[in-house]
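One chain, subunit A, links the two complexes that follow: it is found with subunit B in the first and with subunit C in the second.
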Partner chain A sequence: MSFALWPEYSVVLGVFATMFAIMLPKGRGIAAYWVTLATLAAAFMATWTDWTSGRLPILLYAHGVSIDAFSLVINGLVILAAAGALLIGWNDRRYGADFPVLVLLALLGMMVLGLANNFLVLFVGIELLSLPLYIMAASRGTHQSGEAGLKYLLLGAFSSGILLFGLALLYGASGTLTFTQLAPAHMVLPLAGAGLALTVVGLVFKLGIVPFHMWIPDVYEGSPLPVTTYMAFGTKVGAAAILMRFLFFGFALATGWWGPALGYLAVLTMVVGNLLALAQKDMKRLLAYSGIANAGYLLVGIASHNMVGARALLFYLLVYGLAVLAVFAIIAFVAGDRESIQLDDLKGLAARSPWLAAFLAIAMLSLAGIPLTGGFVGKFYLIQAALQASQPGLAIGLVVGAMVGLAAYIRPLQRAFQKADGDAGPASAVRWPVAGAVVLVVAVVGTIGLGVYPSPIVHIVNHSAAFYWLH
Partner chain B sequence: MIPLNWVVGLGAALFAIGAVGVMVRKNPLIMFMAAEMMWNAAALVFVAYARSFHAMSGQVMAFIIIGTAAAEVGIGLAIIVSVFHHRHRLDIDEVSQLRG
Partner chain C sequence: MFLVWLLAVPLAGALAALIAPARGAKMIAAITSVLALIGYAGLLFINRAGVNWGWIPEWGIRFHLSGDGLGLFLLGLSAVLFVAAIFASDKEQGRAYYFWVLVLEFSVMGLFAAVDLFLFYIFWEVLLVPVFFLLTGWSGQRGKKAAMKWLIMNLVGSFFMLVGVVALAVIHNQNGGGLTFEISKLAGMPMAGGVASWIFFAFLVAFAIKAPLWPLHGWMPDAYGESPAPVTALISGVLSKAGIFGMLRIMIPIFTPQFQQYQTWLLIVASIGLVYGALMALRQKDMKMVTAYGSMSHMAMMALGVFSLTQVGLLGTTFYMVAHGLMVGALFLVLGMLEHRTGTRAIDGMAGLNRSAPRLAAYFLFFVLGALGLPGLPGFAGEYMIIQGLITGHVVFAVIAGMILIVAAWYMLRIFQAVMQGPTGSTGIKDLFTGQVVWLVPLAGLVILLGVWPAGITAHAVPSLFHVMHFAIGKGGVQ
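Up next is the complex of A and B:
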């Protein structure tokens, strides 16, 4: 038992406490949400204590678990994602009583992915992240929700199978399960190549990179709104973190094996994801394709395999997550009892709720990468990383993707600032649930803050990426 | 003693059969079963290599895979049954209200 693992322990304890809170005879429901929120606060405090303790990095369990500045930043990001999802779905009976417990379990999986340093921990983390999300995707009990859960389950099991077989071949090629002991120079070559290819395919399946992205729009559209929020932010953080840690720790000395391949995938993903986002009519589907395109941006940070890339990836994860939280909070407000909205439902939003329309504009422009928003700074760092790695093709792909993306993100804004159709349309203001409003305001303030004064966060991610590199 | 490469070859064959099964079959139950077969192929390869290295780590991994597969089957069957309750027929092509 190590004190450095308190963020994870507090989530485990929180899972049990939340289960008991659900079983309380009186005040059913709401107590569980408060316990979950307290657990998230405790996990964040523990992460902060670790960060300031000055004893990092700490290697535990025969180097299977590595608590360092990188894992702690990932902890912070996924706690933010979990808090956002929890508050957007605050005390909503539609998602079942178990919703807070499942949020915490998936959070634990994401945290484990941040600190994994061997195949066992990697696999347990991936499954701990996926299994609760399968249930959450299907938790609504409607046709669409069941279909989303089924598709997610089948594709998830399939990609985990590919990942596992890749890990098995890598184990055969190297004789070890620990990333840092893989030593690619001494591996049996065809075996190692096949193993690495299958492992990377399994991981980019989870991240949603283009040839392996077809499940994402269907699953995002069918899942309940807070769950989609969680998937769009949290799972992307987890998958990006483990992909980066696996490749940078295990194959840092053989970047030629994976760097170019990931670079091509990144360019393909950025362009195709944004192009497909152009054609969408449903807001959740639009954000699903936007999530695919953003996974491509994240892959730029990994493919450039340098410290600037690691820093840019961590920074971009935060920027992307804040924008996603803001947009999903707005969709939840406008949708009300429904699970999603069409682009046309946004018509007249500026007249009904000017603030909401303004916030939507800020979040969308941040996703598109307009200056004065965090999205611009994040993309700037990614381009810097690509150029520093002397891969201008990645930078060009990113700019082209962002241009196409701008057109895709302008469409909902154009609807929002349009006059409503004359015949119907409720002219009343959109209702702001308190919990969702907290998420929205924090996300929008964060987006603007990162755009005009990014240095505190840059300082943190610099520290994180540097520690990571010197391991 | 069976040579290592035969066991790994068997694992690869099982993996390929599973992967083809997921992509070709239409029934979610069969697809799920095929995916589980891919997991088991990986577990077999882990055990085979662990035996040849005289190491325990691969065997532990196989146990973890089996345990996780059990959890996944529990959740997976529950989801498949709940979808079946809605439609009374299982065909992945019919479960396509979401435009995919």
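Up next is the complex of A and C:
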């Protein structure tokens, strides 16, 4: 038992504590939420202790897990995602009493993905992340939610199968399970190539890269709002983290095998995702396609296969996550009892709730990549990575995607800020639930803060992704 | 420190206007813009020191502002025009309107003062947002469409420019100089010809869209036609200058070899824009659109000054930017007052208004004469210098520019004649009242001052321009 694993241990303990809290006879429900929140705080504290301990990196279980600055930053990101999802769905009984437990279990999966350095740990992480999300997607119990859960389960199981097959082939080709011991030069080639391809496909499926993105809009639309938030932020962090570590640690010496392919996928994803986002009328579907496009941006960081790319990826995960949290919190406020809103429901938002409209503008402009928001700095960082890697095509694909994306993000804003039609009459102001408001304010302040003064976070990600074998 | 004042005051005022009671928003905005003007006076007369603070040290980005001769008078133009535009705005526009106008002032001030490429880009893109919201929320029927066009077209240019910005810094890094976005350090940097050309066009397109230069002016008719008069005045008076200013500030120091390589083509395209704008202005039936296309033609004139690559041409452009901004901004404001009084912008709908509103007619005539380049008024001085710059090496384009001056007189006088002269219409209009004269008189005074004393600007601009062209001159590029 290593003390460096305390972030994960505390989540495991928190899972049990939350279960007991659910079983409490009196004050049922709300106690579980508080216990979960305390667990998240404890996990964050443990992560922070590891960060400041100065003993990194720590390799455990025959190099199966690697606790390093990278995994700790991933910990921080997924804890933020879990906290956001939990607070947006705070004490909402529609999603079942076990919602907080499932949030914690999926969180554990994401954290494991952050530190996995071995095929088995990778697979355990993927499953630990996915299984609770299948349940959560269906937790609303409505027809739509059940459909989303089933779809997610079937396609997720399919992709897990592909992933497992790929991992098995790689093991057969190399004779090792550990990323850092993979030696591409000594592998049996057709076996290794097929294994790598299938593994990458399995992972980018989770990330939602075109052409493996078909499940995302339906699942996002059908799932309850907090779960969609969690999937949009947390799952992407986990999948991007493991994809990066797998390729950068295992195949850094054979970038020709995967770099160009991922580059093309990235460009395709950014353009297609944003184009499809343009056509959406439902906010959740719009965010789903935006999530696809943003996964493409993340892939730019990986396809650049240099250190700047790794750093840009981590930075972009944070700014993307903050914007997503803000937008979903606003959707939750405006939706009230419903599970999603149409774009037209935003009409006149500026007149009803000016602050909410302003926050929506900030979050949307961050997704679009306008300066003084974090989204701009994130895109700037990614372009820097692509150009440092001498891949101007990636940079151009990124800005083309961003242009199309801008048109998509502007449409809800125009509805929110246009002059009232007159016949609608003054609708009442939107109610702000306290827990959701905390998420919203933190996310918006963070977005602006990262846009105006990104230096501290840049410092952290630079420290976090400092792999000496990359340049 | 006065530069920081110029940025901080509008930003603080914007926030204050947002939380103030709706009735007080205009008052707050007016006070803010006057305070900014006072800050500018301090910058001009007391202390022109810039600021250079570290911002994102990991990427070599610095918060570096400078009030040198290139931007100094454009800062002044912005300070003046924002005061006028805010005074000319309706009180009923509400808090958000003044918030966005002041945010626009903030970003414009930053743009004209920034000498760090990253900082310049930040302001360059931020200024799109307030204009977008002003067009969305406070304009005519097709305002939404105009706003969309404005944002999409400008961002298409800007995003490619962003790749260019990063590429310059990365090339500087790969040359061994480290990551930096300081324009003076990027100037004269060795680059592979092909790469340099791509980056050159990335910047050029972004700047040409903002100006707008033909054939990238697609957003202009809707945005000018639909926006309220003060916003039109700001777009044409201040924002359009940002495009030309970017060419002077960034492209001349860094891309002089590329300018020389493509000079003939650039001159041809700018001349087409010059003629196209003038001809379009001639056939418009809407007095605002006449001015809009006329302004577009004048922007092409400024571009010709830049593309001439001569010191006098660049100097003419620097001067003409300020002069044109003052005159066309004021002209749009006057047109706005006319529209407000008559309820129409169609030239055919009005006649003989100078009987009932002689003072308004006088100001109208004054700014029309300025815009058409009457000697004695500053438009003439600017156009003269630009043509002088062209004539040494490119006589054909000088001749075209000279011819267009005649057409300019034609279309500008055409609207004045149609609107103000002729038989009196059935109903008169109210003349100017004191509150409006208050800001028209200083504008007219400034125009006269620049007309008789262009050296007030050019004397300051020459050293900065010389600095800008230092590398170019070293290569024998600029005559």
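In this text, the second predicted complex is superposed on the first by the 458 of 471 C-alpha atoms of A that agree within 3 Å, B and C clash if a C-alpha of one lies under 4 Å from a C-alpha of the other, contacts with A are read in each partner's own complex, and residues count from 1 in each chain.
One rule holds for everything that comes next: contacts are C-beta pairs under 8 Å (C-beta built on N, C-alpha and C of every residue); 3 or more make two chains touch, one makes a residue touch a chain.
Everything quoted here is computed from the prediction, not taken from an experiment.
Asks: For A:G222, using the defined touch cut-off, is the partner it touches subunit B, subunit C, both, or neither? Pick first, second, both or neither.
Replies: first
Asks: Given the touch rule stated above, what does A:Q388 touch, subunit B (first), subunit C (second), both, or neither?
Replies: second
Asks: Let me test your reading of the model: by the given contact rule, A:I396 touches which partner, first (subunit B), second (subunit C), both or neither?
Replies: In the superposition, A:I396 touches subunit C alone.
Asks: Between subunit B and subunit C, whom does A:A350 touch in the aligned arrangement: first, second, both, or neither?
Replies: Second partner only.
Asks: Go through the superposed model and pick first if A:W48 touches only subunit B, second if only subunit C, both, or neither.
Replies: In the superposition, A:W48 contacts neither subunit B nor subunit C.
Asks: Would you check which partner chain A:S455 touches, where first means subunit B only, second means subunit C only, and both and neither mean what they say?
Replies: The answer is second: A:S455 touches subunit C but not subunit B.
Asks: Looking at A:G149 after the superposition, I want to know if it touches subunit B, subunit C, both of them or none. Which is it: first, second, both, neither?
Replies: Only subunit B; A:G149 stays clear of subunit C.
Asks: If we count contacts the way the header does, which residues on subunit B are in touch with subunit A in the complex?
Replies: 8, 11, 15, 18-19, 22, 28, 31-32, 35-36, 38-39, 41-43, 45-46, 48-50, 53, 55, 57-58, 60-61, 64-65, 68, 71-72, 75-76, 78-80, 82-83, 86-87, 92, 95-100
Asks: What does subunit C use to touch subunit A in their complex?
Replies: 55-59, 96, 121-123, 125-126, 128-129, 132-133, 136-137, 144, 147-148, 151-152, 155-156, 159-160, 162-163, 166-167, 169-170, 173, 198
Asks: Which residues of subunit A touch subunit B in their complex?
Replies: 119-120, 123-124, 127, 131, 134-135, 138, 141, 143-144, 146-151, 153-154, 157-158, 160-162, 164-165, 167-169, 171-172, 175-177, 214, 217-218, 221-222
Asks: Mind listing the subunit A positions that touch subunit C in their complex?
Replies: Interface residues on subunit A, with respect to subunit C: 350, 354, 365, 370-372, 376, 379-380, 383-384, 387-388, 392, 395-396, 399-400, 402-403, 406-407, 410, 414, 417-419, 453-455, 458-459, 462.
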